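These are the structures, in structure tokens.
Next come two complexes built around subunit A: one with subunit B, the other with subunit C.
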Partner chain A sequence: MARIDLDLAHSYQPDPRQDADYALLPLKMSFADGGAYALLGPSGCGKTTMLNIMSGLLAPSRGTVRFDGKDVAQLSPQQRNIAQVFQFPVIYDTMTVADNLAFPLRNRKMPEDQIRKRVGEIAEMLELSGQLGRRAADLTADAKQKISLGRGLVRPDVSAVLFDEPLTVIDPHLKWQLRRKLKQIHHELKLTLIYVTHDQVEALTFAEQVIVMTRGKAVQVGSADALFERPQHTFVGHFIGSPGMNFLPARARGRALDVAGRTLALPPGLALPEGELKLGIRPEYVALTAAEDPAALPVTVAQALDIGTHVLVTGQCGELKIKARLNPELEAPRCGDTAWLRVIGPHTCFYQNEELIP
Partner chain B sequence: MELTLEGISKKVGAQPWLYDMSLAPKRDAVTVLLGATQAGKTSLMRIMAGLDTPTQGSVRVDGKDVTGIGVRERNVAMVYQQFINYPSLRVADNIASPLKLRGEKHIAERVQSLAARLHIEMLLDRYPAELSGGQQQRVALARALAKGAPLMLLDEPLVNLDYKLREELREELTQLFAAGDSTVIYATTEPGEALLLGGYTAVMDAGELLQYGPTAEVFHAPQSLRVARAFSDPPMNLIAAEAVTLGVQLNAGPALSIPLPAVVSKSLTTALTVGVRASALRLQARDGDVALPGMVDLAEISGSDTFVHLSTAVGEVVAQLTGVHYFKLGASLTLHLSPVQVYVFDATGALLVAPQRTGGH
Partner chain C sequence: MSTTKPVNQKAWWLVLPVVICVAFSAVLPLMTVVNYSLQDIISPERRVFVGTEWFVAAMRDEELHGALWRQLTFSLAVLAVEIPLGIMLALSMPAKGWKASAVLVVVSLSLLIPWNVVGTIWQIYGRADIGLLGAMLQKMGFDYSYTGNATHAWITVLTMDVWHWTPLVALLCYAGLRSIPDAYYQAASIDGASRFAVFRYIQLPKMRGVLMIAVLLRFMDSFMIYTEPFVLTGGGPGNATTFLSEYLTQKAVGQFDVGPAAAFSLIYFLIILLLCFILYNWMQRVGTASKEGAGHE
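== the complex of A and B ==
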């Protein structure tokens, strides 16, 4: 296992001139030995480029990739001792499950008795023990992908295991199980795991640290609660959570805040820079309140949708849309009603130039 | 339009793909076909479209039998999981193609307005290969809408998109469906997506149609264990129980005071199943609650919620808690539940009791 340090930039063009020419803007990042990390972002954000640079499938156009201090930027995945798991199963159909799992170990000439033991352990963790003697070709797509995961995790001496959207082909019901498995396995094996995904549940559940990326840039590195409670960038507020954070254009004037043509009162102790900013509040923290509440905006209810566990209300306030996720035990407003939604409270964040005001 | 399926079944060789089912999706509204892969959603849609004929039963459109009539003779628009466009045509011509086929006038204006509704007006001169997945699917959706067909069939149209894009497009689609006058059938494997689409839901499992009704109603009152399983994510907690004087006794757990319907025969109440939605388990106790102590197996975080898996005397349960919470693996934790928030199913899996509801409508 290894600590990984990146100090690099990457462009697929020979002569990048502007930010948009970079797949990865200049960045410095460290991955601790034995840590569980996720690279999270929409397609085209640079996360797969970063993964490929770490694995050695791609050389960065400039800068260094260090494993335990040693620059490996020009070394192949084999030389870096990296294990990889891809979106689709990569296994040998004609081999048994046991032989598939043993393959990476036999390649490394591990003694057979140790191989048997390790294969047994991994199969047990992934609940494949009952299928060890079966031909991989006869298994379902889900089971095949489990074998792929097992092959990635089976070698105890790897520098890191890299996962590229490994649960894409798995049925939603089974995803629950496999997400849990991966988390438990990280606990037991203490491998350095780096996981690329666009799925927030996978990223937040699996990783101790999540790197949120957009447009070739890491906009926040943090734990799940930091990303939820204090998004450092409006993109993080938008991307984490379903639906994402509400953002309302506002203007600060001393103790007052102008939002959507109303003047709201700021809580004592909160100082904001004068001028244009954005108020951010998650739908989970928007609350119904009494008319004329100085921390609230009046909205016309455009939709009140029973989503089973909550009522999802969309309120229209002039041009602005505010979403609120309300407790289903309370009487929900009806479509067309006027409702007052509280938007200023302990969980409200403020942004200037898309960055969180500390 | 009014689509009616009567006594439909489908066999491929000796293998039954769809078992005898009848369905009349609400006209000019959205009906979600909800079920896991292999539930029969696509087979059913192919019959609705006229791409396949049923082995038995009839398909009616506005009362007229169309069972043997092929897709070309019907007015149906379809959108698939894969982004299907004409690769050699620019976006504008892709959207225009159904309009040209019908020899319509004012095509350029129609294309403009459809493109604007799907936010692809700046891409009209590009070819599909130059677009992202989300943009390609928007083109396919715009073309389907251009058809103005009274029946629109969408087979997991958003499944291959990033979830944020899915969220955005789903919301736009819901608005487009609400504004239009097509009967829309929308297949998905995700319970959450069905709830967000609203409308009506038909729950399918292993080739059977299990239940049809307004989406929220089906969710809150699943007629059977199978529906409850299919329409819950995370899975509903299911606990073995038996009837006792004051209500039900959870096996190896506490008793819950729930009045059971008097008409239920004794033979059906010996092996009950109590269903508890993950969202009905709470960290804070309230008056009348029953406690379920246990040990934390794992906490999963979705961004908006934390799902805690707990080993308890009644088996493993999952609780859904709003916001981000951390729990140490192996830590002790007690969850609380109110007896009025549980489901009870009889020995055959039929619903006996559904939770009382106060809020949402």
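== the complex of A and C ==
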């Protein structure tokens, strides 16, 4: 129940000199009270570091962590009153399921009748009611992770609940169920939830705001829609979407754009800085078009995969590869054909130094 | 429909080497003891079958009862001191870095010393005239003497065993502690657990396996203790530190009462077996079955 503001940098080395020495480059970020956030990025991008700094398991090398304006950077997790769920289930072997769920409350000296009530509610939500009296050590990995989740959610007054890839060990079908459960719990309990994952589907379905991270840097914060339509950084374009965005090296010359030896016309009203840049377009927005279209490139079709909902076409244009998701009801080009693919349209983005040109 | 498995009795031959090895290493020596325990051997040519007479005699032997009680008290004292001390030592040892290696070496030193040397070290160490410990205690006004005072002798033997074997318990616990993943400590810290709760609900349960080994090893070893008290006190003063092995040796080798000694060593063997069985089963249940009741409060 708190707004969290980060303004910090962290390095695991005592004397960081260059960017590569930092696990987290200097960043500023805010998490609103009651929001559902996801930290998305590949392994080693700093997302777990950021989570541990928020929970207090790690003190940042410099900067502040503010909960409702109060700097807590040097406080322990107990003092911050925060909950965290880890990648692998952590349960107290000798306790029953009920005692496991009650543990964080007992440590904070909550009255026993309130504890019983709260544990009952959480067990109900996670469908653990039938197993409350059982020894936690005897349960399956799925159930153990549910207990871990339950211990994270059981305290009603926490500043935030942090999840560190909590569904990694869970079966796919149950994973889906639990993800919906978490969303539902978010609605019911109005807790601030911050969820770390490297799975874009997980992040995009769970969170209202997704923070995409790479190499110790948060490159974009936004809704699923914004990440898809207007990636702020080429990394986001690559990382989000399946397959990721097409990026084509280009050179702007006034109203014209040179791409792969062809000069394309820019739509009216779009002004680009002169010089080297990158054209980015999602495979979903690449379309077949008539020959010699001024917004299209000719490609030799290298591969055409019918995936049912769409046909995934990979076209070769000189050195460049362009991927397109085409409607299966239209006739798809065959391997070896020459096709014209339109790459400039309302959804095309342009990048200079990997950053989106606004 | 059931298919009958082919039965090949020749497979028994494959077990034969093991049977022979075990026969020579365990069964035959044991049978010699059984043989002695049932006969009165008067001379190499004359022997009389006496049935359970020696067993009955051993069971009624007052001195033996004394030795058995001393032994039980001693073994329990050993466990009561060495197990908690070993755990505490393991908890305070550094987890990594060069300090961890250095501490491990220092802690294991006493384990490398042969039993009789340990006895000799303590014999000299505790001497009232020249021993570092004995002379110092004398100077401080304690009339310490492990040769004259039964209580002092008993405490000295116990201290010697603690000094010699606590490191074993500590090393086992240390190994157990190092195998606990960091996430458990992190979760406990998030859950607001106190230092004691971390010990009680994470470290102790995770050390259960190694502690069981430590308890059994220390129990069996201390129950059979012989060399160190033999060197240090020779069982004295009086019979204050005459434990079971010592008493048995006196009977078998000293007085050459082979029959009663054999009968008694069989009883001795069964006592150890029984106590280990009880200890093992009790410890198996602690922490697994015991909490079942608490769940239905």
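Simple rule for what comes next: the second predicted complex is superposed on the first by the 352 of 358 C-alpha atoms of A that agree within 3 Å, B and C clash if a C-alpha of one lies under 4 Å from a C-alpha of the other, contacts with A are read in each partner's own complex, and residues count from 1 in each chain.
Simple rule for what comes next: contacts are C-beta pairs under 8 Å (C-beta built on N, C-alpha and C of every residue); 3 or more make two chains touch, one makes a residue touch a chain.
Everything numeric here is computed off the predicted structure, so don't read it as measured data.
Colleague: Should A:239 be classified as contacting the first partner (subunit B), the second (subunit C), both, or neither?
Modeller: The first partner, subunit B, only.
Colleague: Name the contact category of A:330: first (subunit B only), second (subunit C only), both, or neither.
Modeller: A:330 contacts subunit B only, not subunit C.
Colleague: Residues of subunit A touched by subunit B versus by subunit C: which partner has the larger set?
Modeller: Comparing touch counts on subunit A for subunit B and subunit C gives B.
Colleague: Counting only touches as set out at the top, which of subunit B and subunit C does A:307 meet: first, second, both, neither?
Modeller: First partner only.
Colleague: Which partner chains sit in contact with A:171 here, subunit B, subunit C, both or neither? Use first/second/both/neither.
Modeller: first
Colleague: Let me test your reading of the model: by the given contact rule, A:133 touches which partner, first (subunit B), second (subunit C), both or neither?
Modeller: Touch partner of A:133: subunit C, not subunit B.
Colleague: So in the superposed three-chain picture, is A:229 touching just subunit B, just subunit C, both, or none of them (first/second/both/neither)?
Modeller: It touches subunit B, and subunit C stays clear.
Colleague: State whether A:76 touches subunit B only (first), subunit C only (second), both chains, or neither.
Modeller: In the superposed model, A:76 contacts subunit C only, not subunit B.
Colleague: Which subunit A residues are contacted by subunit C in one complex and by subunit B in the other?
Modeller: none
Colleague: Quick one: in the complex, what on subunit A touches subunit C?
Modeller: Contacts found on subunit A: 55, 57, 76-78, 82-84, 86-88, 90, 92-96, 98-99, 103-104, 107-108, 132-135, 137, 148, 151.
Colleague: Show me the residue ranges of subunit B that touch subunit A in the complex, using the header's touch definition.
Modeller: Going by the criterion above, the answer is residues 36-37, 132-133, 162-165, 167, 189-192, 195-196, 198, 216, 219-220, 233-235, 277, 279, 297-304, 309, 320, 322-324, 326, 329, 357-361.
Colleague: For the complex, give me every residue of subunit A touching subunit B.
Modeller: Those in contact with subunit B are residues 42-44, 171-173, 176, 179-180, 183-184, 187, 198-201, 204-205, 224-225, 227-229, 238-244, 282-284, 304-309, 311-312, 325-332, 334.
Colleague: Would you pull the subunit C residues touching subunit A in the complex into a rising list?
Modeller: Residues 181, 183-184, 186-187, 189-194, 197, 201-202, 205-206, 287-288, 291-292, 294-296.
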